[in-house]
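Some structures to go through are shown next.
Shared between the two complexes below is chain A, which has chain B as its partner in the first and chain C in the second.
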Partner chain A sequence: MDLIVQGVIKAFELIISFDPEVMGITWLSLKISGTATFISLFIGVSIGTVVALTNFYGKRVVISLINTGMGLPPVVVGLFVTMMIWRSGPFGFLEILYTPYAMIIAQAIIATPIVMGISLAAIQNLPPNLRLQILSLGASRLQMVWVLIKEARLPLLAAVMAGFGGVISEIGASIMVGGNIKGYSRVLTTATVMETGKGNFDIAIALGIILLLVAFAINALLTQIQQRQHPR
Partner chain B sequence: MQIFRNSKVIVMLMIAALLFAFGTSNVFAAKAAPKQKNIIMATTTSTQDSGLLDVLLPIFEKKTGYFVKTISVGSGQAMKMGERGEADVLLVHSPDAEKKFIADGYGVNRQLVMHNDFIILGPAADPAKIKGVKSSAEAMKMIAQAGSLFLSRGDNSGTNSQEKKLWKTAGINPEGQKWYQQTGLGMGQTLNVTSEKQGYTLADRGTYLAMKKTLSLNILVEGDAALLNIYHVIEVNVAKWPKVNVAGAKAFANFMVSKETQEIIKTFGVSKFGSPLFFPDAGKRVEDLGK
Partner chain C sequence: MNSEAIMKIENIILRRGGVTVLDIPELHVKQGRIIAIIGPNGAGKSTLLLTMAGLLKPNYGKIYYRGNPVDSRASRSEMRRSISVVFQEPLLLNTSVYKNVALGLKFRHLTGSEIEKSVDESLEYFGISSLTKRSAKTLSGGEAKRVSLARAFALKPELIMMDEAFSSLDPPTRESLMEDLRHILEETKITAVMALHDREETLRLAQDVTVMAAGKIIQSGTTSQIFNQPDSEFVANFVGTESILEGTVSSCAEGHMVISVNGKVIEAVGDCSIGQKVYCCLRPENVTISGQAQGNTSARNVFEAKVSRVIRQGFFYKLTLDCGFPLVAYITMPSYDDLEITPGATVIASFKATAVHVIRRER
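Let's turn to the complex of A and B:
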């Protein structure tokens, strides 16, 4: 119990004093996971929408695959990305193993199926007549898709939150492809594991609290946007 | 009107996200720009968990302009990385495996850096009654005979290799025994588990001293010559892996055995723990250690 109290006190100390190392780690976490979520948003929403709006042979299999991808184990992604970008791997020439870039790639791979699955369901969930109605009003196909995406913004913002929440709290892939290098690829989750390993439980708890606060702040912001824009 | 307002918000969000992404990539680019400035150093968890590298690396980086990427894993995995050419330089403590590594042509210029020692830790109650036993192998035998819980790293790290060697000397095969558990974790985490379960374990003194305040474990056996923990720096053989940063590896190895660094190692931890965590040994012979 003492330890938890100590951790909470330590967390506030670190936040209030703007501890440069902790601030750097927090900022890096935000940058990496934010960029990864952004990439996954582009890929996830576009593919999710296309799959939702088209009919083709084997569509159910594709949807099952996407839904399975939503539960992709981060460590497996980490291992796969590591082997791809090893010096001796097929993308070794890029020399990005143990860099923030590698972490962005891995996290984007984790977040994309989550965003894709939710946006797919969101677009499919719109009333089927809506499409016909929009088209009959003289909209082009592209305009129709745009209106549909806007109609589904509520679940789509939920997709962003789910994707971001998934990657910022993720550790397996980050530590494998990033290496937890001080001041370079050390993020909140990897730092928490390391401090636990060192027996600095108070700092570990403090980092955990900061991670929660960051996740809460981002989600509060997105929820604000989501709910304000919903007229019903 | 409603639609217009919505799209404005969405466009603004997208612009914000774009700016965010670009700003991000610029920051990274500035850091990653100089090629072959990066040295990948694979090392053990003990050098990282003890905090030694946090002191040494900034000095090295400032002096040489290299950027060291520390990947802290067990010695076993560190050498595997070296074998694949995924690391440039190793700082490890698993002498038998290191000799094989060199003999197989994966590494060159193996140099002695420092040593400390392994200790057998256990709960204050000491159910196997090993406190003060002089021979480490004898103590291991007593733990086995008492059937007391022993936590092993189980990760082919330097500490794990040392532990296996002690079991072998004691003539005991602990694999599969009920009292023998493998954590598969680093030294720090394994100490946490051992403390929580009140078992026995083998640890390097450096990590133990650094974590002592949060552990309820006591040093029960120490000072046996078989418990020396010796660290070497090894440059990965560029002839085998042309992508290895050979200049960087050499610079790092030279830094580790330089007089200035050895002086820092000598005093590291004294003010905090009351005794040094490592003893500098550059230029000495392994046979002379601990005498």
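Let's turn to the complex of A and C:
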């Protein structure tokens, strides 16, 4: 019992005192996961929209694949990315294994199908005649797609939340391709695992609380935007 | 009637999943007219509207807009910018009323002040200026419909297509919208093609009518041609068997109207301004036939009529009469025998003022 109470007290001390190491880890986590989500947003929304708006042979298979991808196990992604950028792998010449870049790539691969699947469903859920209505108002194809994406903004924000939530709390791929190097590729999840292993519960608890706070803050912000009822 | 065709379609075939959903050899939309496309559900009315608007590509056939063939991407998008389409459902975006109405103008890259002027004007037309700042998602069905119409009219189109403009509105809302739309179309002189399914809407708004069934055109003509001279059983059943007479209100006082029809005078009940053009609708079962004029009758309308046609329909006869205007009457078999009616005979046709259903009409 003492262990937990002491741990929690020390954890709050670390947070309130803005411990440089803890802050550094937090900041790196936000940067890596934020960038990865941002990348996945571009790829996911554009491909999701294209798949939703076009008809082609095998469309259902593609949709099934995307939906399957939403549950991609991070360790599998970690393995795949590690092999790709291994010294003798196809992208070994990039020399990015155990760098934050590798972590961004791995996390983007995890988040992209999530964003893509939700975007696809969001665009498909718009009224079928809406496209024709927008075109009939004189929109070019690009203008029409843009209006549709804006109209589906609420579920698209949910896609951002789900993508970000998925990667900031992910550990398998991050530790495999990032290596948990102190001050360089150590993020909230990998640090928590390590500190727990070492028995440093105070730091581990502090990191855990920060992880929860970050996830909560980001989601609260996006929920606030999403639920805003008055027109823009 | 001699006005030029703003749009012509020729030999249009549109298939969906192996089924031919449209097969239209020819259809002209005359400049400045209001055309109703009527027909049962699934007749292809909406599909025809979307095809004419360049939103659905037919498998075969040609569309000419202002005499020029619409056969390339460029010509299609050019035509689209001259046509507004109002769908059955309002399809508003989840933003303010103002931004919804401004949408089409924004696509045209107009300046802010030009957009504002057109939007305000269009909202004013439909009497919804007070809704400008409202969120479109909080509107009632009737308000949303008006916003979607205002969005279409704000573009000042040459041609407007409306799919079931009045469906799913409650009667008073429908009534006021129909009246407003009638005025707006009259004022703006925009050519309109409307898919409708209600006889009264058709009579009140349309000048020309095209009847469709199963993707084909069954009959096209002016409103009174279609209603009075249906050339097939199908059209007759669809438009009903009433006599529909064009007339003008010549006097009106205390709910009693006098309407002049083809030089004859019909009395009816109701309230209308003098000079108002109307249709007088009369059901054949409300017309009484007698051999000669009776002394006293409560029927305010008594006419000498020549029997021009007799058709036996089951247990009664359908008489087509000429009283200076066409009139249809039903008569039972015993009465037919008693009165010794034959084609060419002269009879007296009478009907009560309360039996006349008066519909105000356009122009």
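The rule is short, and it goes like this: the second predicted complex is superposed on the first by the 223 of 232 C-alpha atoms of A that agree within 3 Å, B and C clash if a C-alpha of one lies under 4 Å from a C-alpha of the other, contacts with A are read in each partner's own complex, and residues count from 1 in each chain.
Everything below uses one rule, namely that a residue touches a chain if its C-beta (ideal position, glycine included) is under 8 Å from a C-beta of that chain, and two chains touch if they have at least 3 such contacts.
All values reported here derive from a predicted model rather than from experimental measurement.
Peer 1: Chain A residues in contact: does chain B have more, or chain C?
Peer 2: B
Peer 1: Now for A:Ser136: first (chain B), second (chain C), both, or neither, which partner does it touch?
Peer 2: It touches chain C, and chain B stays clear.
Peer 1: Looking at the overlay, does A:Pro20 come into contact with chain B only (first), chain C only (second), both, or neither?
Peer 2: A:Pro20 sits against neither chain B nor chain C.
Peer 1: Is A:Pro127 touching the first partner chain B, the second partner chain C, both, or neither of them?
Peer 2: The answer is second: A:Pro127 touches chain C but not chain B.
Peer 1: Does chain B (first) or chain C (second) touch A:Gly58, or do both, or does neither?
Peer 2: neither
Peer 1: Kindly list the residues of chain A that each of chain B and chain C touches, one partner per complex.
Peer 2: Shared contact residues on chain A (touching chain B in one complex, chain C in the other): 147, 150, 229, 231.
Peer 1: For chain A, which residues are in contact with chain C within the complex?
Peer 2: Of all residues in chain A, those touching chain C are 127, 129-130, 132-140, 143, 147, 150-151, 154, 229-232.
Peer 1: With touch defined as at the start, can you tell me which chain A residues reach chain B in the complex?
Peer 2: Chain A residues touching chain B: 31, 34-35, 38-39, 41, 86-88, 92, 95, 97-101, 147, 150, 153, 179-182, 184, 194, 196-201, 225, 229, 231.
Peer 1: Quick check: in the complex, which residue numbers of chain B touch chain A?
Peer 2: Interface residues on chain B, with respect to chain A: 2-3, 6-7, 9-10, 13, 17, 20-21, 24-25, 27-28, 31-32, 35, 38, 40, 45, 48-49, 51, 54, 57, 67, 69-72, 84-86, 185-189, 191-192, 210-211, 213-215, 241, 243.
Peer 1: Under the touch definition given earlier, write down the residues of chain C that touch chain A in their complex.
Peer 2: 50, 53, 55, 77, 80-81, 83-85, 87, 89, 91, 93-96, 99, 103-104, 107-108, 133, 135-136, 151-152, 155
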